[in-house]
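Okay, so chain A shows up in both of these, paired with chain B first and chain C after.
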Partner chain A sequence: MRVVLQQLTKRFGAVTAVDALDLEIKSGEFVGLLGPSGCGKTTTLLMIAGIYRPTGGAIVFGDHRVEHLMPKDRGIGMVFQSYALYPHMTVAQNIGFPLAMRRGVAGDEITRRVREAAALVHVDGLLARKPAQLSGGQQQRVALARALVKRPDILLLDEPLSNLDARLRHEMRGEIKRLQKEVGITAIFVTHDQLEALTMADRVALMSDARLQAYATPKELYERPVNQFVAEFIGSPPMNFFAAELGRRNGSVLATAQGIEIELPPARAPRGDGQRQATVGIRPEHLAIVAPGAGHANGEIYVIEPMGREQIVDVQIGERRLRAIAPPGFSAPLGASVGLRAAVDQLHLFDPAGGERLA
Partner chain B sequence: MTGTTLPAPRAPFRPQTLIPYAVLVLATLPILVLYVWLTYSSFFPRIEGFRPVGPFTLENWRFLWDPGSVDQLRNKPAIIPLTINTFLFAISTSVVVVLISSMAGYALSRLPFPGRRMFLGGVLLLHSFPSVTLLIATFIVLRQLGLYDRLLGVILVKAAFELPFGVWIMKGFFDTVPWELEMAALVDGASRLRTWWRIVMPLVKPGLLALGILTFVQGWNEFILPFVFMPSGSQQTLSTFVRAILGEGRFVDYGLLTAVGLYYVAPVLVLFVVAQDQLMRVYAGGVKG
Partner chain C sequence: MNSTALLFMGPAALLVILFFFVPVVITLGLSLTDAATATGLSNWKWIGLDNYDQIARGSFTMLIIRNTIFYVLVTLAFNVVVGLGIALLSTHVEAKAGGFFRALWLLPRISPSAVYAIMWVWAAAAPPFGIMNDVLSPVGVAPRDWLNTDPWVIVILVNGFVGASLGMLVFTSAINSIPEDLFRAARVDGASAWQIVRRITLPLIRWPVLFVLVYQTMSLMASYEYILLTTNGGPGLYTTEVWSLWAFHTALSNYYGNLEFGLGAAMAAGLVVIGLVVSFTMLRLFRFDELVSDPRVEIT
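For the complex of A and B:
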């Protein structure tokens, strides 16, 4: 089912937790709500669920506004960050609870559908246990089964992976993504981990300070961040930034900073002549280490961090440091002079004043 | 892997570990000795110091099966109806307190209604307020309501006096139930009322049990309220009965008094032994899944 949020706002006293949020989620789409802690992700989800009443704005499911509906009448399933399994009930009773709350679902149908839902997330062997007797990963699967058992139109997940260890998190990332596509359900999940958002979601809504910063596919967010906040938040290790002067030489635009000089390709240069200053962003994976003098900048190696598949190299250029990625075979003593070459068509220019993308 | 389990290494014995036990034993010993003394002295005609005098006898316990033959009990209510009355009083008080506390405690724990802080402060203040000072005011209210000298009236008064403690304790228990559980139940299709009944209440069951037991014991032991507000004999409770035996004037039959006293405390002792786990939780103040 399609979900549309229009100018959705929530205030707690003087605190604005969500500020005029506009979001449209297509039927069957998997959307990640990404942002730093306290930016209003959970509040947004709880308004969609009907737990919080919005201060203003509209929530539309399909073609109907639902702000006035009780949670039980909204056709949603939800997985909470703490899983919120009922401690006094067995796994089977937990999964069956949403069905038991409905009129006219017979006992044997409940049993059958609980089995089905449990099998879907591979917890069918645990039905007689209490939540306290389950591992974190198992609890999470049970919570998923409970959210899905009544075949809701919309699935909401609040930080579904944050309580799992790294290995399990990786496994469940794929599992949830597969499940969402398999069931074909419209789903929204909250996370503060950009990797989770980028790997799982069809589209990512990036929030900060109660506001929506960007809403785009992971690819777009990575390749064409709309402002400096998005560029900083997406990508690991994070993008390098430096302030540069813009000038012209032989008809093309030149970005210069202390020890750095880059000629911008036409596609990456700001239109018009007005712009004199810019914040230039370049991802570490788009900086290559070359012989001194052969690149766009020269500096000394500050530190090298081997990561197995690659190495992260910090290079000191005058007073600033840029981070580059080198192949595993690269080796150089600390302090060695090197050059840096930027993949110029991967540069990002932002307005130093507002942080908006220039080109 | 070996097939046998190794014995867990034993912690070396340290004499200091005995100190807490020694202190506890010393502190409880006098109480224990007194109860033992009370028990056996009820089976002998006379006691001199700690030494019983005369043969073993059930004479003192005659009030149970042949109250007519006991002088002091001639014109007193019979012991069995009195016991039932006391049970009725204690159980009703307990039920009323548990019921109201669980609703008030939930509201105080969850709802941000105006005046909530003041209400909480008031509850605490009332709890530490000596209820004796309210006797006259209560008397007037009961008279007005036509509840004076009736069991129902005393039950309501006793429940009212116990409520601050109950509300406070139950609020504490409700505070330990995570909000997310309630949100989950609402999303799963339960109404507010069903969420409270099916999810929240089962999770505070230890609190309900403990509060119920404590209030029962409080009601069982209550003396002032039945004594003041139910003066006519027919509806007395055991506590006022014990007092009546004591204050009968010319001389006190200590044999009878010990037997009746034991009869009176027995249910409380049994209850404490059976329910000590539940009671500990009120003071430890936690619910465990």
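For the complex of A and C:
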């Protein structure tokens, strides 16, 4: 089912937790709500669920406004960050709870559907256990089964993976994504982990300070961030930024900073002549280490962090440090002189005043 | 056990021995004597189980047992039901209003017992006085001299309000310690307010409820001060006399002037035994061992 948020706002006293949020989620789409801690993700989810009443704005499911509906009448299933399994009930009772709360669902139908939901997330062997006897990953699956058992139209997940260890998180990432497509359900999940959002979601809504910063596919967010916040937030290790002067030489635009000089390709240069300053952004994976003098900048190796598949190399250029990625075979003593070459068609220019994308 | 453990347990153990164990032994010893004002401290003698025999044959014993059971059960029901009701309301309504209600309900507990009891005596005064008459007559309850016509009502209300405030405190903090997400999950799962209370809240506060039940039973059986200060067991002969008050009257304060310490001690000893039996039965009934799950951390 389609979900539309219009100018959705929530205030707690003087604090504005969500500020005029506009978002449209297509039927069957998997959308990630991404943002730093405290930016209003959980609040948004709880308003969609009907736990919080919005201070203003509209929530539309399909073609109907639902702000006045109780959570139980919204056709949603929800997985909480804490999983919120009922500790005094068995796994089977937990999964069956939403059905037991409904009038007119027969006992054997509950049993059948509990089995079905449990099998979907591979916890059918654990039905007799209490939540305290489950691992974190198993609890998470039980919570998913409980959210899905009543066949909701919309699935809401609040930081579904944050309590799992790195390996299990990776496994469940794939599992949830597969499950969402398999069931074909419209789903919204909250996360503060960009990797999770980028790998799982069809589209990512990036929030900061109660406001929506960007809403785009992971590819767009990565390749063409709309402002400096988005550019900084998406990508790991984060994008390098430096302030540069814009000038012209031989008809092309030149970005210069202390020890750096880059000729911008036409596609990456701001239009018109007005812009004299820019914040230039370049991702570490688009900076290559070359022989001194052979790149756009020269500096010394500050530190090398081997990551297995690649190495993160910090290079000191004057007072500034830029981060580059080198292949695993790269090796150089600290303090060695190196050059840095930027993949110029992967440069991003932002307005130093507002942070908006220039080109 | 090593000496360090003894050192740490020493002070607490000493207190327990001094203020619990020793008095129990003295009471038990005293219950086997005929000590009374009449015998003084020099003329008493050991009389074996005669005191217990006398209690068993006493013509008022059955009446007082019935009074005690009635008093404990009805007051207990009032305590727990009202305490739980207020706790549920004040945690499920807005937090600020909840705090106000809780403060209001704590008043009886923080006011001195004597003041509180005397306020009730005044409130229950005979017409044309008494707040109870003022409040209840508009709703069709005929004005009356409550302490004489309906002494049990007053006895139960006086004790009930104090007990309810304890229950309310314990239940409120127990409910507040249930993670908010459980209630949210239950709402998303379609549970009504009543179903949430019935299926989530109550099962999760079973242990505090049990604690309050046992604790209140014990303290109701042992306490008599509010009855003493309101009806003093009356009106008439033993109308609202309960076991502990009977022991007090016999051993420490009676009309005849002959204070029978030995007999009173036997009554008190009986109460201790009954108290133990009742609380163990309750713990069994609620399957205490099931509530106490194995520790997560294993200590070798």
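The rule is simple: the second predicted complex is superposed on the first by the 359 of 359 C-alpha atoms of A that agree within 3 Å, B and C clash if a C-alpha of one lies under 4 Å from a C-alpha of the other, contacts with A are read in each partner's own complex, and residues count from 1 in each chain.
Everything below uses one rule, namely that a contact is a pair of C-beta atoms (placed from the backbone, for glycine too) under 8 Å apart; a residue touches a chain by one contact, two chains touch by 3 or more.
Everything quoted here is computed from the prediction, not taken from an experiment.
After superposition onto chain A, partners chain B and chain C are found to clash with each other. Of the two partner chains, neither chain B nor chain C is touched by A:106. In the superposition on chain A, contact of A:84 is made with both chain B and chain C.
Contact with neither chain B nor chain C is seen for A:267 once the two complexes are overlaid on the shared chain. In the superposition on chain A, A:353 contacts neither chain B nor chain C. In the superposed model, A:46 lies in contact with both chain B and chain C.
When the shared chain is aligned, chain B and chain C each come close enough to touch A:132.
Common to the chain B-facing and chain C-facing surfaces of chain A are residues 46, 49-51, 70-72, 76-78, 80-82, 84, 86-88, 97-98, 101-102, 132, 146, 150.
Contact residues of chain A toward chain C in the complex are 46, 49-51, 70-72, 76-78, 80-82, 84, 86-88, 97-98, 101-102, 132, 146, 150. Across the complex, chain B is touched by residues 46, 49-51, 70-72, 76-78, 80-82, 84, 86-88, 97-98, 101-102, 130-132, 146, 150 of chain A.
Listed in rising order, the residues of chain C touching chain A in the complex are 179, 181-182, 184-192, 195, 199-200, 203-204, 293. Chain contact summary for the complex, chain B toward chain A: residues 178, 180-181, 183-191, 194, 199, 202-203, 289.
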